[in-house]
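Comments concern the structure below.
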């Protein structure tokens, strides 16, 4: 297990390098000089300032040196300066990362509470009226674009009933910034994500459970005289959860940047939101940092998925 | 010039095992470890052995769908061991294969005609109406109705499908057919139909077979000579009656005694081997069979016995002889 | 349609047509028995016809602004009123489907083509070809797809719908590629492929005659999922301003123009039609996908 | 004569769907005496597995249904029991082993877990005791290193060992009846010999009756006291094992025996039964074997023959047999 | 004025409602305002140039002088000021009552600190600061800006006379400098910030929660870019505000109107927070008060006058006639604005009126066509578009605008369609990101013949920076000697006389009005909507926004 994790971690390094090169080259290929997006055209004596900035930012050096410099600075924690927001990128991105992780975690909890149990309930009584109607609800929920669900939730819960905030990742008042406050603000976006994903997860869970319920070893368990509840809990459930748990790992990483639209709608200052804003303002340093962080999150998510997989499935663990 | 159709010399196939931090190759599965035999024109060589002993791998190397690690395969006087591309394509028409699973060996999305015509078309030996005629003829040859040719495999039973598979193998008039467990998946009543068909075809077209199976009775029925494999090695090769009546290798003896026979008359004295077949990834030193051999000697643990001709035409790899 | 096969003279001349349904034909018949799926096909066709024949349905322009006619409520003249640029909303809804269906359809085709070729090569050849293509897939998976589109659209200033389609395709190919590879990898092991190889068939014949037809079921099902996803993505991108460039009509654009809560409250005719059209289209495609899955995989019984 | 343990009467198990009714088991009668080994042979699809699953009342849902019949074990009809009562029978009075030892064991639970859960369920043993008992039984079935193996997972064992574990699991409550559905088909001959040997031993040690399902007449010859030959969902011949090989009566059984090649002697041409098994969704009206039967008469196609006792204990479903 | 908001509202409930009914201010309550663009949590004035950040710190910091309804200067922290004879020295006296919130008086040093900061290289280079021009006229500005000198006190630009009195020395005589620059100087608390190097200012905790301010409200708690809580400043120069707390929240433009309607937000803070459609709906809501005030900007379409295609004055005039500006105002801004025809907003004291001879260029396509014909732009038979006599080819122009605003989009579409209607082939270019577009204009990149922009107008009408032939923001590159001469007149020594200065402005405007280097579109209004419980005296509203927040109050 230990070597397994180490091997996976080492295996991530070339991928990380490839990601950094891709991000660097993409930004480099962006039309327009990076400097031009940095400086305010109202400043007098623009040319001198431009030259100075080019010098300071090493933009006259060969490309690979620029890349190495950028990477080295990034590793050291110097992620550059946001020219649109006028703050160091770290100040912008790190809180956003925190917010996004809270959102992702909460969303996953909701999925665990809503989607997975629903799928399990469906699988317990497949082809029953309950199962069929749940399947229809799922496919509808799955077909409504998730931002429409989100808008509906904002309208209902934030504007009409005013029970949850519709905007921002933290509130005001004495408790602002506390854990509870964070969760309170993450509630609606997380719930929106969860509603849309739950449809997927319950379909997935149901399918996985039904698949396991057809397996030989389930039949063996029944032949041993175990009551249906035990058969389900101990045999079907345990095996059926393996792909779900793995998917969970993937999603934890994916949510880091995957909820762009929702973060935008909820003005939730997460990674997606910051990236979106930076994209609108062509704030290259921020885009580079967020893209890289998000890619790393996804990589780590995959790692988590693999580890979870190895943990629940002895066939992998004893490899 | 030899008069053999096929000569296999010291054939080996090692599959690398990758493990550890950097997924380096830490060892090899010695699936086939130095196998030699010959097949004469019109002869059937049966290969028996337990699961995982390397029968299929041998068959696939002969069919050149898998590269060998070492050794030589000479077919019809031509060394095909390293043949590639066009040369391989040309020679391939002369040896064909029949597969185990009658359900998996026919493309479910193709009609029977397309299945059988495929070798004809890709080798451009026939075209247009010729193809249809040839397919119809082949279907008749294997005992199916020619007007079945527009039907799809899913409409046929296992035995019928196996006949289609045989028709496909016959399409190019091959000299040799490798049949890998060709009847194992069939029910007994169907199995005999297919076996009879294969025997008939062999006579009709003067075919050579390499008949791979784990069923000793079936191999005895169809083969002229039989080879017994154990853990990647050929432990005994002999004309069949000699092998079945006077087996030399302890493994063959055990195998024959373990095989249940559909008769109640005399209860034979059975030799029940202890333990499992060792893993080909980590085969025992010396004789591969020494871990389970009831007559193991000290030399067996050290030295690997060579396949030697003990009696005329009867080869065995055992220190006892 | 039945092929007349003449066999040697004295045999029966015409092949019996009775039992010659191909597996695809059987799947099609099973599909046609699925009422929900068939209804979805009809609705989808109607929606497509609606946007293709838009000029027949309305003589209003979907582009021409008219600043003296902004934000009108529905009337006989403007069936769904006008938007804040004075463009007829009915016309925008009707024409808007063109962009969505175009993106959904063309992107699905492009992505399927990329997926089949790359996934096919990876699945067929294995080895380093597979390794390279799969690493590329893994690589792309590190960037959430909507986010990557947004970043690319923003920094390269993509404003043309065809370029947008390419960007979407560029970011979305790995899923299908992986799927195709997986399918091919498992089918490649099957004995009929081995038989074809032994017969001397070359790569392309094996891919197109054996591997592809036998992956058809999952591929078609996933193509529908993909298409639904693309239409959803168009709307999502429009909401954050990175979709089809306005004033080109698209459902996403019409909807994003109405994403203001006063409008949502007071002017349902602005947002309900595009939202309903998007949802209905995706729903139909998903039902069709479900139907196709059941049709191609009859063991998956209801 | 030993007393009767299980008696199946007119058991019918169908798969019912919208457009078809597959009669997998179509009115079979089987008797098993205490300590007896009854072999069920027949071609693929003849309903062997469905018979065994029907006895266990584990017919695949949602389409499989036991339509009629009775399965009387020790005087009580299993088909009338409630589901809870039935779970008390499974694994305790009757247990079962399956063909594929690879897939029949749960990959994520240890061997120990899987054996002890039977003990826990039926004998209310504590964890510690159950584990001890599991090790004991594993030793009995000849599993080496049993103390370690209880902590290992199925994928760490070889096929033969897994099947031994399956047998241990089935025997751990010392059931009256063991149903083995092709327990050796997936195994090599040498391993098969070991497992068959083991099943003999089980019968000796525990006095367990065994229903052994197979399509290999060799295994039948090796194991059976009594043989039931099935064809297309029906019993076509039911006879004492010695008599089966000496004097088969049903044309199908005869054909079957003649079509097997032998290790001991050489036959030039094998006998073969022409044609194939009829479709279970679409059985013909008369005798189901008539189409393939070498001695079929026109009447055979019209009327379904009944299973008759032709000699003492020898039942045949053929009107042409004297 | 005693007690804090809480006790007032709970103890004197009846009293306060009486007061409210009588329209008398009550103390206490919280005003929740919202912005729809995020601010940077940087409370140091001018450290960041984004308007939401300005809105945020303007609650807490005061400039030396303020303005009245007609944009005339009024005293604020500066109590009085006077010029020397040679008009090169300005002496300013600070209000001795002006105090920081910690009770310390506001001193000349606080003003100097601001000047040094605004000129420092750290500000201009590290922060890409934007307001160095404010101190440029002061003696020694070049030295301070380049880092050669540390302080204007050392260069002779600034002379401290006492704690409440100082002199500024200017390099040139300039009539605009007081209103355009000096009036905006915003004293910084030197007793707090004085010892900290400028380069560290943006990293200080001070800017997260500044403790010492001189404005009406003291920021108390900052929750990143989500919300800020302020308390009333008891030491505020104009008296402690009635409102006890202000809360500023960020919400997205889409939800703001709904949140104001259902009372979760009391008021928008910036005049461009509300989209026009919502505003029009909110005007009808009886629970809300609304306010529209002219914005300090006007919208125009610029032309690349350095290119030959726009050389013809008649062409430019024709364009101004051809566009239906009233329709744009009605359609896009629902009537909230006025058509523009000159460079200064109509409400400015210096704005030239039609009575002064300004041509309003009201919509007249016939006139436009006639002018085009006169200028030689003729339509070939059967064609839609005219031929440019200078090139002999179709008169074809690309109009570019910045992405992200549906309103700008509509306006440009309308302009293009209007111009096409008189035979000019104007096509919309790809919308560009605002900064990208500015950069392109800056660099005179090809491909944008015409461009839509909104031009901000200062509280002082000084046209420099935008209108001079070499000014950086003269994006159209309009070079006109007469114009330059007329501009110079507006800040000449004589222009210290306000009447003279106004006349100079009118002459300048008439020239611009005749030459029409731009296609003037509109002066639009900024809009606010607020809860009926919030009472804002009418006198608080001035062009561009509000003042006197200390006089506002909230009824329960």
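The letters A, B, C, D and E name the chains in turn, as written, and every chain counts its residues from 1.
In this section, a contact is a pair of C-beta atoms (placed from the backbone, for glycine too) under 8 Å apart; a residue touches a chain by one contact, two chains touch by 3 or more.
Everything quoted here is computed from the prediction, not taken from an experiment.
Undergrad: Does the complex stay in one piece without subunit B, or which separate groups appear?
TA: Without subunit B, and with every other chain where it sits, the touching chains still make one piece.
Undergrad: If you walk from chain to touching chain, how few steps can bring you from subunit B to subunit E?
TA: 2
Undergrad: From the Cα centroids, identify the chain that ends up most central relative to all protein Cα atoms.
TA: Nearest to the common C-alpha centre lies chain A.
Undergrad: In terms of C-beta pairs in contact, which of C-E and A-E ranks higher?
TA: More contacting C-beta pairs are found at A-E.
Undergrad: If you average the CA atoms of subunit B and of subunit D, how many Å lie between those two points?
TA: Here subunit B and subunit D have centroids separated by 32 Å.
Undergrad: For subunit C and subunit D, what's the span in angstrom between their mean Cα positions?
TA: 50
Undergrad: At what distance in angstrom does the C-alpha mean of subunit C lie from that of subunit A?
TA: 25
Undergrad: What positions in subunit A touch 2 or more of the other chains?
TA: 127, 154, 159, 265, 280, 282
Undergrad: For subunit E, write out the residues touching at least two other chains, lowest number first.
TA: Within subunit E, the residues that touch at least two other chains are 254-255, 258, 404, 433, 436.
Undergrad: Send over the residues of subunit B in touch with two or more other chains.
TA: none
Undergrad: Taking the complex as given, what residues does subunit E use to touch subunit A?
TA: Residues in contact with subunit A: 38, 40, 42, 47-50, 124-125, 127-128, 130, 132-133, 202, 221, 223-229, 247, 249-252, 254-255, 258-259, 262, 264, 404, 433, 435-436, 438-439, 441-442, 472-473.
Undergrad: Can you check the complex and tell me which residues of subunit B touch subunit C?
TA: Interface residues on the subunit B side: 63, 65, 89, 92-93, 96-97, 99-101, 104-111, 113, 115, 118-119, 122-123, 129, 132-133, 136, 146-147, 149-152, 154-155, 165, 168, 172.
Undergrad: For the complex, give me every residue of subunit A touching subunit D.
TA: That would be residues 126-127, 214-217, 219-228, 230, 234-235, 238-239, 242, 312-315, 318 of subunit A.
Undergrad: Would you pull the subunit D residues touching subunit B in the complex into a rising list?
TA: Listed in rising order, the residues of subunit D that touch subunit B are 43-44, 158-161, 188-194, 196-197, 215-222, 241-242, 245-246, 255-257, 259-264, 266-267, 269-274, 276-277.
Undergrad: Quick one: which bits of subunit C touch subunit E in the complex? Just the residue numbers, please.
TA: Spelled out, the residues of subunit C in touch with subunit E are 64-71, 84-86, 154, 157, 159, 241, 245-247, 257, 259-263, 265-266.
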